[in-house]
Every structure is written in structure tokens, then in C-alpha cells.
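So that you can tell them apart, the chains are marked A, B, C and D in the order they are listed, and the count of residues begins at 1 in each.
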Amino acid sequence: MTAAHSPEESSRPRYTYLGPEGTFTEAALLQVTGPEVAELLPCTDVVTALDQVRSGQADRAVVPVENSIEGGVNATLDTLATGTGLRIVGEMLVPVTFTLCARRGTALRDVRRISTHPHAWAQCRRWVAEHLPATADDRSDAVVHVPATSTAAAAALLSEGPQPFEAVLCSHLSAVRYDLEVLAENVADNPGAITRFIEVAAPGPLPEPTGADKTTLTVHLPDNEAGALLRMLEQFATRGVNLARIESRPIGDSLGRYSFSIDAEGHLSDERLREALIGLHRVCPVVNFLGSYPRADGVPPHLRPGTADADFRAAREWVAGLGSH
Amino acid sequence: MTAAHSPEESSRPRYTYLGPEGTFTEAALLQVTGPEVAELLPCTDVVTALDQVRSGQADRAVVPVENSIEGGVNATLDTLATGTGLRIVGEMLVPVTFTLCARRGTALRDVRRISTHPHAWAQCRRWVAEHLPATADDRSDAVVHVPATSTAAAAALLSEGPQPFEAVLCSHLSAVRYDLEVLAENVADNPGAITRFIEVAAPGPLPEPTGADKTTLTVHLPDNEAGALLRMLEQFATRGVNLARIESRPIGDSLGRYSFSIDAEGHLSDERLREALIGLHRVCPVVNFLGSYPRADGVPPHLRPGTADADFRAAREWVAGLGSH
Amino acid sequence: MTAAHSPEESSRPRYTYLGPEGTFTEAALLQVTGPEVAELLPCTDVVTALDQVRSGQADRAVVPVENSIEGGVNATLDTLATGTGLRIVGEMLVPVTFTLCARRGTALRDVRRISTHPHAWAQCRRWVAEHLPATADDRSDAVVHVPATSTAAAAALLSEGPQPFEAVLCSHLSAVRYDLEVLAENVADNPGAITRFIEVAAPGPLPEPTGADKTTLTVHLPDNEAGALLRMLEQFATRGVNLARIESRPIGDSLGRYSFSIDAEGHLSDERLREALIGLHRVCPVVNFLGSYPRADGVPPHLRPGTADADFRAAREWVAGLGSH
Amino acid sequence: MTAAHSPEESSRPRYTYLGPEGTFTEAALLQVTGPEVAELLPCTDVVTALDQVRSGQADRAVVPVENSIEGGVNATLDTLATGTGLRIVGEMLVPVTFTLCARRGTALRDVRRISTHPHAWAQCRRWVAEHLPATADDRSDAVVHVPATSTAAAAALLSEGPQPFEAVLCSHLSAVRYDLEVLAENVADNPGAITRFIEVAAPGPLPEPTGADKTTLTVHLPDNEAGALLRMLEQFATRGVNLARIESRPIGDSLGRYSFSIDAEGHLSDERLREALIGLHRVCPVVNFLGSYPRADGVPPHLRPGTADADFRAAREWVAGLGSH
């Protein structure tokens, strides 16, 4: 990213995102802002995009965090987990289907080498095997994957001239932007695949609660015993807080030590969530708060009896009154 | 009890207790006050003693609550549980051994009928069988029990003249007070038997925390499912609050519905106990707070990591600070 | 009890019960047998009735175990808990209302002293206060309680001649049997009061499962920590076994040490109950099995998914097959 | 892989592994076999290596499953989870440090483009930033990453002739095998990084228990409620089974639905593990058993009281005996 921060741009918010242009991340970014109101700054990787926000060179970053097929995006989870100075302020969902495209004049049957990001390849492998099968019995002419740093990077490269691959799997946006010929649309082994992106800012006032919110945390367990994970989860369960996602990530100091990345249902302003956080802080050696923000799907939590804000307040008032009469 | 409240007595606190004079309850009462500073008012039963406090006619009541052999004293547990307007402010322990005594001139071998309270009888039965065995093979001359409303009442009756029993099992205090001849001292099947008594007052400022306190509660469960008791107990466990006693008592409306009488370790001023109470109030249909008071044995709780007041305060401050930066 | 075991009676089963004749226990006994087929032997207390079975002098004993107002019958719970050689084989429910009766010619207004068992007194106290109120302001002429070893014993005594009490509260059966004049029927502060009785035998084949059974246990906890009771209960909960009753009883060696008397839903032949027992045996220092028997109310348990016998068998077969292929 | 299965090779076991030659996977493979006793068959990806075993064309596969920095290898976890016909029979640990190497005559300062697998790049990024810093303020000449399908593939490519990158980060084995010049040894941001590999076979007799074993499972939860994960974990905790690893993976049908990949301590022949499996099978809609095998680190589990095989057997015998006496 070219970080020159010229004066005339200073009034527009600066958004970094996982580039290059034409990626699914850009599609997510365009859900929350656009080039007419913000400066959009593609970065070569997630870490760089987030570091720009942490250092104050950018106002917001949009990065992928989870794919319904591939799971969590480790670079995002780990950068948020170990770092400070970052807060998630929103999430966006983008359906993920691919476009197979090539330089003009290339026929589908000519394609033996396809370049794309490894995650994209993983989501199209079955489609490729069916539509571009090996012809020889020994499978020696099966289509091979040429890895790229992003789906858009592959498209950009191919648009510049012949490459050691005939086609790319990228977003429809990339196919249009790099003027490639579309060989197949809606390529996807799982038609309902979705990637979830997050919008990240420096710490500041939290987004207002909407009634359908998420809170993201990273938690270390006190020890590796059977009961440690159980005791951590009980801090949520006793307050009726549901978990939307829990993923373990290696702490990195040795094999077998994990932290947990958690999306809990609710907002920091919800009593039940505050109580759960207070409990976690007491029993876990590390608890990082990574933000409360509206759910992209707008689904409110199913509250069990005794877990609404009013229940907590009534209980607290009852206890407060016990000592005085 | 004669409830006349004459002016000249109004400056002395009035203590009711389970009478008559000479019971173990009086021995417990004398641990906390005496006739020189307070008016001591024996009552015929626990309910009456407690009602005098509730109605304001007495300042304090001393009643038994638990015996190490017989278990909980139902009248005490039930009167506290269903009633309002009462708070436990202290507890006293009294070792329970009995004195077998009779009218002057009675020999041990003459004793075939013994009067005492049924609980006392239960705690001396084996001693009686060994020391006053049946002589005939058909056991038709085995010593029989003549029930009395209290150990002291039996002694009082015998001191008045011949009765349909030759001896009584009572406290040493009663034997002396009613001038009976002691046939055997330290009668007890279980030499270490102890009765726990409580001192009860009208609601008011709680006794100061000492670091070794108890809090007594009555709790109803939301339903009778397997998990309901478990969920109630988790409200204590997630905050590291130990239970010193838990007893079920019938709610009384139908067979199979129980309330739970609980002594939790800690004082209302302890953070972990307040949090547990807040949790109970949310998930249980009924929670009655019956007082926080010093433990008679002075044993402080074993605190697990993360459950001290400082841990709760640090956690709460951490959460409070999350929203603002 | 007259223990002579004459030859001509040897073919009839011998039933002991908490006597004397005319008690509610006899009413319970008559639900399961009768004088035409069995020898009915009243005993002076619960311990004696049970000991006769343990020693082989009787075949069965019927004793009270729980009252919907008074709670558990300690003598029964403790004798079963600490003893060996006894098994519960059935339970019976008896509605408990009392008859106030006196010698012929006594009017209700003459009654100032009433004899009955303390539990009966506790269940009629409000009725007495309403129907036989004190006339003087100082309550010095309030009706007083003269304790008896049983409701029937009081009735028997009164039938023999004038006593230091004018009336008794006993069962209707006793009023008829001892030919007393009925002053009031259906005396009870709680009209729905019920006492539960159990039929006890020496160990032998268990009653057949009916689909609506109970299993009674006594359990000691490994330690007094907050989590010990929780971990014990989890052994039931993880197998979906509901508890119909749980009562703590002092172990007796020191204050603050309790055992738990438990009625679990289900029969020893139910897989979920066997698994729970296996778990209890592993984690608790003492587990006493006191019998599986049909519930008196015939209500089958509400089974949660995955806890039926078929689920356990399918799971076990699955695991058994894993090693071999 | 060349799948011709010639007669003379049929007596030697066939091992597939994640190729090409020279990868860390080959180093892991060489811990359990070698070219003198087995046919070693590099595959282009994890899925292919495992499919060869499932179809019977190979006897064993060695693939990476987890890295102490990068976390789980999704392709391995997902292929095992959804597939049938595969069992883990062993695990191997390989320390992961990299060698930076280039064509002869290349100096460290000439390196601006480095090819390697993205995971390797992630583990060396900091080293590169320190040892090959950007010279210009605008960072436009920072070293860039050229992704490769494997560290060994990058090395192989560079050995064939000039490429659009000057250097590769690969294993020392690859540097030697492809005759590249070593520019730096032991390149690693985290010197203690370790990758765990597994050896996979078709279902058959399990490896013998060693006392320090692992069992790998994939489990689906009955629903997404707060308590579902808790209830699943309790099946392990109530039997004292510790978890060495738990990772969530998307089920793939929609965002927010996860399966859990679990390494539990213990062998299928351990009673506590069998009981936990029986419990899981009852409460979870899907439980896949993926093998019991010796831990690479040889560390035996810490057994809590009541969870040894003898405890389970004693408990089972106790229960079995209850019905008959």
C-alpha cells in the first residue's frame, strides 16, 4: 500500500482492505462505504490492512474472518487475538461463487492449469473435476492448481499477458475489471457458500446496541485440564449467553496450548454479557475484548427466563436492599 | 409466655427461647446473654418463641436449628422459611450429653420408665439398652420411653411428685435446678453430639463480617426436572461459594415439592456471595434471605483463585472500562 | 410385639409395622395385605419394626418415610441408611386427616388438653387455635398439647379411663376401634396432607419394573467442597435420570457432614439408572442401594432424547463394533 | 502420483504422503518407514493422499494435521471428518525451521522475491522483515511472497532454472536434494515451532494401547444452544477424560453450524473413554471415531480418582450384583 497521506485527502475516511482490487473483500467493503466518500486502500495481506488501523494511518479495515466452507481465517483471528488497539465494529456477509475466466480466444477445453487463491481452489475442486476431467487413464493430464495470493491477483496477472496457466477462478467483479473472457459463471462446489467479513476500527465508542448483536472475545484457559473449558463455558451458560462461534487457535508457544476465539450473542451493554465477562475475567488468565457490533443477519437472541436486563436489575436491587432492612 | 411488658423492664432486651428453664436451649442462650442484662422468656415451642420476635414483643429468640445426630429442627427451618420479618444474627454450639436423674431414693435398677423429649431418647437408646437391659426373655420388661415436650419439662414434672415414670434424661442444668438425684452423667450414644442454635432478631443492620461468616437462605426451584437443582447449585459454584449445609423441606402443597434450606459460606458483604444471590434471584421463583452472621467455629472459607473480593472488583472495573476506549 | 413364632402361623407371612393398632401406618399396611392372609405385628417404633425384618423374625415391615407437611421420617431414613440387609419393595400413600375424639359425654368446649403424636399436633395446631380458642387475654387457658408416642396410643389410653387430657387427635380407624366419641372429623390444617409409607423386605429378587418406578439410594460425598454435590448430581443428569426426592441427613460423626437420601426415577433394570449408579460408585465413597420398586402414583418418567434403553444399547453396540473394523 | 501397481512391488507396503519429495511431511514419513522397506508415493495434496488409502491403492498415508503456529490443517481435518474408511494409527512430531536457499551465485542482498508455501511464509515473515528490510521509505522494494503449493515445489522449480523469484524457504532436506545454495539456516519467527503429522490406514485392528494414547473423534452437536457444547463436554468430564485438542470446523451447509474435531486422552480400550463414547453417541447426532493411537510425546494421562479401569470394573460388578441379592 502506498501510504502517502496527502492533505487534500485528509477529510475522507481511509479504509484498508485485503486487496488487490476485485476481491470478495472489496465487495464486502462496498457494502459499508464507497470510493465517493472514502479512500479505499487495498493491502497485500490481512496483517498489513489491520496494522494500518492500529498505527492510525487508516480509519477502518475490512478483512475476511470466516468462510462457511473453509472456516476461520487464521491471519485475521491471530492478528486480532494477539494485538491490541483494534475493535470490530461491524460484520458483512458475501455469497461466494466464482467465475472461471481466461484471455480472449481461450476455449474451456484448452484449460489445464488454473490459477487462484488456495481457498477458492478448495471450493471449486469438484466442479473442475466434473467439467474439466482428465482424459488419460493415468490422470497425468488432470487440471492442476497454480496458487495465487488472491483471486484478483491471478486475474490481474492473466490480463497482463500469457502466464504459466490458461485460466483463473475469481470474482465476477475481477473478470469485468480485468476484461477477461468468462468461460463459466457461478462456479462453486457448495452453492450456498458465504464469507463473513469484519470492519475493524481503533478503540472508541462502541456501536449502539441493536438488540441483535455479537461480542467477540479471545480467551485463554487457566490450565489444560478436562474441566477448564467446561468452567469457562459455564460463565456464559449461567448467565444465559449463547455462543455463535467458538474456535481454538494455537497460542503458539508449544503444541497443545490453545486460545479460544469466541463470538457471544449480545452487546457489552447487555447485563447478561457484562456478568459473563466479569466471570471470565476472574477465572481466565487472559480475556481480550474485541468489540460489540450488530449481527449481519439481524437475528435477535432467544432469551431464556431470568436473563433479560430487567431480571438482572431486579436481582441486583433485591440484593442491594437486603442489608438495610 | 406471659407477655406483660411492664415499664420498668423496657430498658432490658427481651430474649425468648425454647423452654422450659433448664433446656439445652437455655445453655445456648447463656452463651450470648444472661439474666442480669436481659429478660429471659421461656416459650413452649419454637414457633411461639420466633413469633414473639416477629410481632415485636421480644427482641431476640434463641432456638435449636440442627443436631449432629438428629439433623435439622423442622419447626425452626419451616418457621423461618415461610415467615418474613426474621433474621438470623448468630449461632451457638452446645455439646449434648444427658443426665439420668430421679427422685431421691430411686436406684438405677428401679428404673423401667424414662421420660424425656423424643430426640433425647433417640440419642440415649443404646446406652439404656446396655445399662438397663430387659431381664426377661420376652423383653416385656424392657425400659420404655414416656415422651415429654422437653427434657426440662420431664424433670420439672418429676420434681413435683411421683409420675408414671421413675427417671428422666435431661441436661445437667435441669438436674441441678429441679434438685433431682443424679443416677448417671454423660449419657449419650454418640459422645461428640452437638446441637447448633441460632439467635434470631427482627430485620435490621446485619452483623459485621468477620471473615468467617455464614449466610442462610431458603430457595425454591423453578421446576422438578433433573437439571433444576444442578442449575441452582451452579449459581454458587461459578462464584466459588461453598455450601456448609443444604436440606430439603417439603413446600407442603403436595408430595414431591421441596424447598431448600441452605447455609452458604460467606457474608452478604462478600462479592462472591452477592453475585450468587443475584444469580439465584434470576433463576429461582423464591429466594428468601435469612441473614449473614459469624460462624460459631470461626473457620474461614477456603477461597479458590479468582473468587476474592478484589478479583470481583478488578473484573468489574475492567468491564466498566471496555466501553469507553 | 409378641415374637412367639408358633408352627401353625409359619405358613403366613409376618408383617411388622409402626404400631399400635389404629395408626395411619396400619391403614397403609392394609393397602398391601390383611389379617386374613398375614400376621400383622405392631411395633413400638420404626427401628424395632425394621430390625425384625433384618433379623429374619418378620418377612416385611411397613413404616412411614415422608409426610407432605413434616418432611422425611428421620428414624426410617437413618435406619435404612446405616443398616444393611433391608430393601424397599413398595410404597403406599395415605391421606392424613385427623379425628378429634373424647370419652363419651365430653363436649368440645370442655377440651383444654389434647394428646397426640407431635407430628399430628403440628398438622392441627391452626385448627385447634380456631376452633378451641383461648378465652382469656393472657392466653393462659389456651389448649395445650400432651405428647404421645403415637396417635393410636393416645386413643388407647383415653379409652382405658380418665387421663390428664380430655381429647385425642387420631385416625378415624382408632376412634372406631377404641370406641371414642367423635367431636370433629377431618381435622387438618392442610387438607391435602399425605404420608408416604414404604414396604421393606430382606434383600432378594427386586420387584419387576413397571415403567413407573423409583430407586432409593444413600450417598456420601467425597468431600465438602462446593463442587462435590454438583459432581454427584451430574452423574444422574448426564444419563437423564430425574430425582424425585433428595434429603440430607447428618452422618453423625461431626456437625457439617451429611449423607444424601435420594429417590431417583427409574428401576435398576433401566440402562440410564445402571449407568448413573456405576458413575456414583466411582466418585462417591459410599453408595447404598436400598431398592427399586413401583411408584405409588404410577407416573412414568419424562424421558429426554438419548436416554431410553434402546439408546444406551445402540451406543454400546456402536462402541463395541469400533475396535473390530 | 504414478499409480501403476507392478507385481514386483506388491509385497512392499505403499505409503502416500503430501509431496513433493523434500517436504516436512517426508521427514515425518521417514520416522515410521523408509524407501528400503516401503514404496513412498508423494501426492499433490492431502485429499489425494488420503483417497489413495480409502480406495485401497495405498496402505498408509502420512499428512500434516496441526502446526503449533498455524493451527489445524483444514484439508486433513475435513477429509477425515466427512469421509469414512480411514483411521489414524499414529502421530509424528517434526520441528519446523526453514532454510533460505537460492541458485548458486545469488547473494542475500539480491533477494526481493521469495517463493514458498503460504504457511511457511507466515512463519518467517518477521525474520524476512528483519534480515531483508525494505530500503526505500515507501516500502515499494519490500521483499514479496510468491506462493507455492509446497516448500519443496518452490525448491524444485528454482533448481530447474531462473524463476520470477530469487530464493525459496524450504526444508533443509529440500535444499540438499535440489542442490541449492544455502543463504540462511534455521529461519523461523518461532524457534520452537512444531508440526504434528498423522499416519492414516484403512479400518482394521487398532494399535495396541500403550498407556499414553489419544483417540480422535468428530462430533456434531444436537443444537446451537448455549448448553449444547457444555453437555457434550460433560460426557468427557463425568468420566474424567481430558481433551488434548478441540477444534471447531464449519459443517459447510450454512454459516454458524460447526462440527468439533477432538483429540481425547486415552485409548478405545480404556473404560473411561468407552463410557464417554457411549454417552456421546446418545446425545450427539453425529459421532465419528477416527482412531486410537500412541501419543508421540509418550505422556500418560493424569488420572483422577475413580476413573481408572479398575474403578469402572468394580462399579459395574457392584451394580451387576445388586439385583440378585
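Observations on the model:
Just so it is clear, a residue touches a chain if its C-beta (ideal position, glycine included) is under 8 Å from a C-beta of that chain, and two chains touch if they have at least 3 such contacts.
What you are looking at is a predicted structure, and each value in this text was computed from that prediction instead of being measured.
Shared numbers divided by all numbers used gives the overlap of an interface; between chain A and chain B this overlap exceeds half, so the copies present the same residues. Centroids of chain A and chain B (each the mean of its C-alpha atoms) stand 61 Å apart.
Centroids of chain A and chain C (each the mean of its C-alpha atoms) stand 62 Å apart. Residue positions 234, 237 of chain A each touch two or more of the other chains. Arrangement of the chains shown, judged by which pairs touch: one closed cycle in which each chain has exactly two touching partners. Pairwise, the chains that make contact are A-B, A-D, B-C, C-D. On the side of chain B, the complex with chain A involves touching residues 203-206, 222, 231, 234-235, 237-239, 268-269, 274-275, 277-279, 281-283, 289, 305-307, 311-312, 314-316, 318-319, 322-325.
The part of chain D that touches chain A in the complex is made up of residues 2-4, 44, 47, 66-71, 74-75, 93, 118, 122, 125, 138-140, 144-145, 147-149, 190, 192, 194, 196, 224-227, 229-230, 233-234, 236-237, 240-250, 252-256, 258.
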